[in-house]
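Each of the next two complexes has subunit A plus one other chain: subunit B in the first, subunit C in the second.
The block that comes next holds the complex of A and B.
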């Protein structure tokens, strides 16, 4: 656990304690489990976002990708009555393909990640709305989806499955990022692509790898989110989620300059964002202030981190 | 001419950096309507002296007299106000603006009173006669991006004229010009001189000095090495001035004769010089020095050999077998490594610990399945740190905190922990203190004695002559000559570097 993760953890505890003090309901089992569920749902694609940010890239298209994959997923299950494991597989593969597309556009054609994924955002959102004629897609009386419903939105040992899914994803990606060759390459390429290239690393493949993982995790998130909302309205499903993801990654210590960040940090960042949302509800703050609270806390967090970093650098230099 | 008062005089200018005396008591005078040629080897102090004139560097001692006023040091605005202008080799222009905007940058004609709008018509009208005077074949409205390097240089000169510069300093102006463009530039210099502008002309191309200079001043090791008046200017005299220092004994002879293998480049065509073909043989067990002027194509050659800019033509053989060089990966797999010129940007990931930098190129050998064995990684790095005597508290220290010499050793450690067959060193001791230099030379020799083929690109004449077993000299993308140890001399290297005697050597 590095310094940033510790600081973030401390901030979490303080905000949690204050909220609990003001309204003890914050610590009720129902509220905690509800938050855990949301943390699971948001955490998975935020980890994907974090991986891309570590390569000094960004993915603005996640939210729209969720909507497009979401409508396709529901359509496959409801109208085509595809056996659900195949439908899940299609969504995961589609996520991978979109990630591959972004990766190739960024590395082979030299386009800026911001531009590529901004276009992705517009295209996928538009495609999703066109696909359903702007109508909301629900499950209605779809066939036998009990198993999938249980998998995606059920509980084991009282814990919501999305949260368990996040734990598994965080563990796997954590090992990949912090213990594997690929992870080391990711940091090296994100921080100094030139030096990585001079060391004989196929830097393009590494960057494409990050976008692939981002796409795959977006696909997984789609499956879970669809069963959370139980219907997909293509114009609002996943709206702004790319920004939640970026916020979680930045709070979690990822620098937009690349080469920095940890999986634990991104998860903690997601937790903090959900606590803030919850705090707005539970303390009776007007919900219209939701975004303003989130923005202020992120700004303060980043500012505090930078000041701390500067002082440390000054001490080291002296 | 002697009767004319100087427009600029430098008196006893010195500049010290920690450990280095970049300028040592340099004095010179420049009169209006005079072209002063300034020569000297790389690192002789020419750029520092010009930075003093431009107001970028403050001298530690001495005084500057410009236009009758005396200054202990100049600032950038002082220098501009005194009428000093530069035409650089790297052009200081905005390629997203048009010619007129560049020429009049900072002194744009305005209209609309308090609105301070740009008056584009007035700007064009002011720039047009300047361009005509320089014989430029483009209009003030032309976007800069549409111009060639030679045309951009005319824009720089027009900019100097617009600023009513009385002293124009040309710093390596022809390094990327063709012959006819060079001739035209020299004609412009003559025109400026005739109009009374004082000119300092810095170049490695001595023929241009012979063509245009009224007087030549030579710097060597930060000191004034001598002055040549109009009648005395000639190649031999200038080369004599540029050299003339005792060489220290750096050379350690190889323990055995070079082996049969090594790296051979046949008719290699690089991106920088698509017309030229380079042939080079680096024998296993030798240190081959690669000398040449800045911009002669030495770094391009190394980049091509390492697969960074894959060769456009020709072939590369390692121990007689053709090598595919589409990327650095191919080179690294074959045991062909590069220690790059800019170690901070290309050699290291500065924010990573020593151990992670050392393992970066051979990470798969530290992995079981795909998980890293960090203990093995640290152990390997510790071995390298010990054998290269890298000064660091432990291998978890980030590379950014190390000194230049120790950083260079970390770059080396990365390659030495693998299986080197050929190592290309690009300016291996630039910015490194004398003690660490000696250690790097010793390391290169030890590697060569183990049968590694070593190429050392260097602009430091003392180093090239003192360390190499043979020297290859490059000129405009080609190898203009090869020297064996018994033929080593600064004159011989320099003559080949400026493209002279090429026929004789070939």
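The block that comes next holds the complex of A and C.
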């Protein structure tokens, strides 16, 4: 656990304690499990976003990707009556393909990640709306989806499956990022791509790898989110989720300049965002202020981190 | 004379109307230290960029062990044993000195390095040795961005040293070094050349060139004007005139 993760953990405890003091319902089992569910749902694609940010990239298309993959997923299950493991596989592979497309456009054609994924955001949202003729897609009288419903939105030992899925994803990606050679490559590329290239690292493949993982995790999140909402409205499903993911990654210590961040930090960032949302609800703050509260806390967090960093640098230089 | 390890044949590169490198031929032989000398804008760094695949040549060939490497990507060429340093160093500033060196030699796998513990010990030993030879053992845990300038210069050499590369292309490696650091650098490079490493360096300090180089290739406006023994090149009044700013017609 690094200094940033510790600081974020402490901030979580403080905010949690204040909220619980103001309204003890915050610590009720129902509220905590509901939050755990949301943390799981938002944490998985935030980890994908974090990996991309570590390579000094960004993915603005995540929310629209969720919408497009979501309508395709529901269509496959409901209208094509595809056996659900195949439908899940199609969504995961489609996520990988979209990630690969972003990675190739960024590395082979030299386009800026911001531009590539901004275009992706517009294209995927438009495609999702066109695909359903702007209509909401639900499960209706779809065949036997009990197993999938249980897997995606059920509970084991009282813990929501999305949260358990997040723990598994965090563990696997944590090992990949912090213990494998690929992880070291991700940091190296984010810190200095040219130096990495001349160290013999295939920097293009590393960047494509990050976008692939981002796409795969977006695909997995789609499956879970579709069963959370039970339907997909293509104009609103996943709206702003890319910003949640970026906020979680940045709060969790990822630098938009690349080369910094940890899986634990991203998960803690996601937890903080969900606590803030919960705090708005539970303390009776007008829900219209939801984004304003989140934005203010992120700004304060980044400012505090910058001040600590400067102080540390000044002490080191003294 | 031994066969060249790396050869450049008729290498040509234009940027718009500017001929950055013009039909350059050059041979780098094992254990021979060649200095690329010439005024600013002569095309020395561009020649390095062409050899290491940073930019693609318009025409000509780069041969490593007699086989063409033109068109290969920089990371492929690095893996083939051609290492280079940059004027602006390009280190991983927020990584430690040890991690910087380790990153340069860990490039054979995706998930885990092959060879298990023994291979890991070998890599650690290579890092230790590179740090010791460059005098950076005490700074192993420091971040590269926190090092003094001379130490960062030595770190860029340590990264190359640890790779065991056969060819070193050093771009102004001694610029900005104080007298003591310069002496350490000269001894380090001499030792590497004595061990059979083929070195080509771009250097503006003619004292260092005289001290180190076995051969000098003189470039001006992208063309190689002369190549030979240091005494021969550095005593040519026309070349020295060009070097110090007298334009040729």
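Note that the second predicted complex is superposed on the first by the 318 of 318 C-alpha atoms of A that agree within 3 Å, B and C clash if a C-alpha of one lies under 4 Å from a C-alpha of the other, contacts with A are read in each partner's own complex, and residues count from 1 in each chain.
The rule is short, and it goes like this: contacts are C-beta pairs under 8 Å (C-beta built on N, C-alpha and C of every residue); 3 or more make two chains touch, one makes a residue touch a chain.
It should be emphasised that the depicted structure is a prediction, and the values quoted were computed from it without experimental measurement.
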When the two structures are superposed on subunit A, do subunit B and subunit C clash or fit side by side? clash
Answer with first, second, both or neither: which of subunit B and subunit C does A:18 touch in the superposed model? neither
Kindly classify A:172 by the partners it touches after superposition: subunit B alone (first), subunit C alone (second), both, or neither? neither
Contacts for A:285 in the overlay, against subunit B (first) and subunit C (second): which applies, first, second, both or neither? neither
Which partner does A:27 reach: the first (subunit B), the second (subunit C), both, or neither? neither
Would you check which partner chain A:195 touches, where first means subunit B only, second means subunit C only, and both and neither mean what they say? both
Is A:182 touching the first partner subunit B, the second partner subunit C, both, or neither of them? both
Figure out whether A:304 sits in contact with subunit B (first) or subunit C (second), or with both, or with neither. neither
Can you give me the overlap between the subunit B contact set and the subunit C contact set on subunit A? 180-182, 184, 187-188, 191-192, 194-202, 259
Quick check on the complex: what are the subunit C residues that touch subunit A? 52, 73-75, 78-79, 83-84, 86, 90-95, 99, 103-104, 106-107, 109-113, 146, 159, 163
Would you tell me which residues of subunit A are touching subunit C in their complex? 176, 180-182, 184, 187-188, 191-192, 194-204, 259-260, 316
In their shared complex, subunit B is touched by residues of subunit A numbered 175, 179-182, 184-185, 187-188, 191-192, 194-202, 259
State the interface residues of subunit B toward subunit A in the complex, per the touch definition above. 306, 308, 327-329, 331-333, 338, 340, 345-352, 356, 360-361, 363-364, 366-367, 370-372, 414
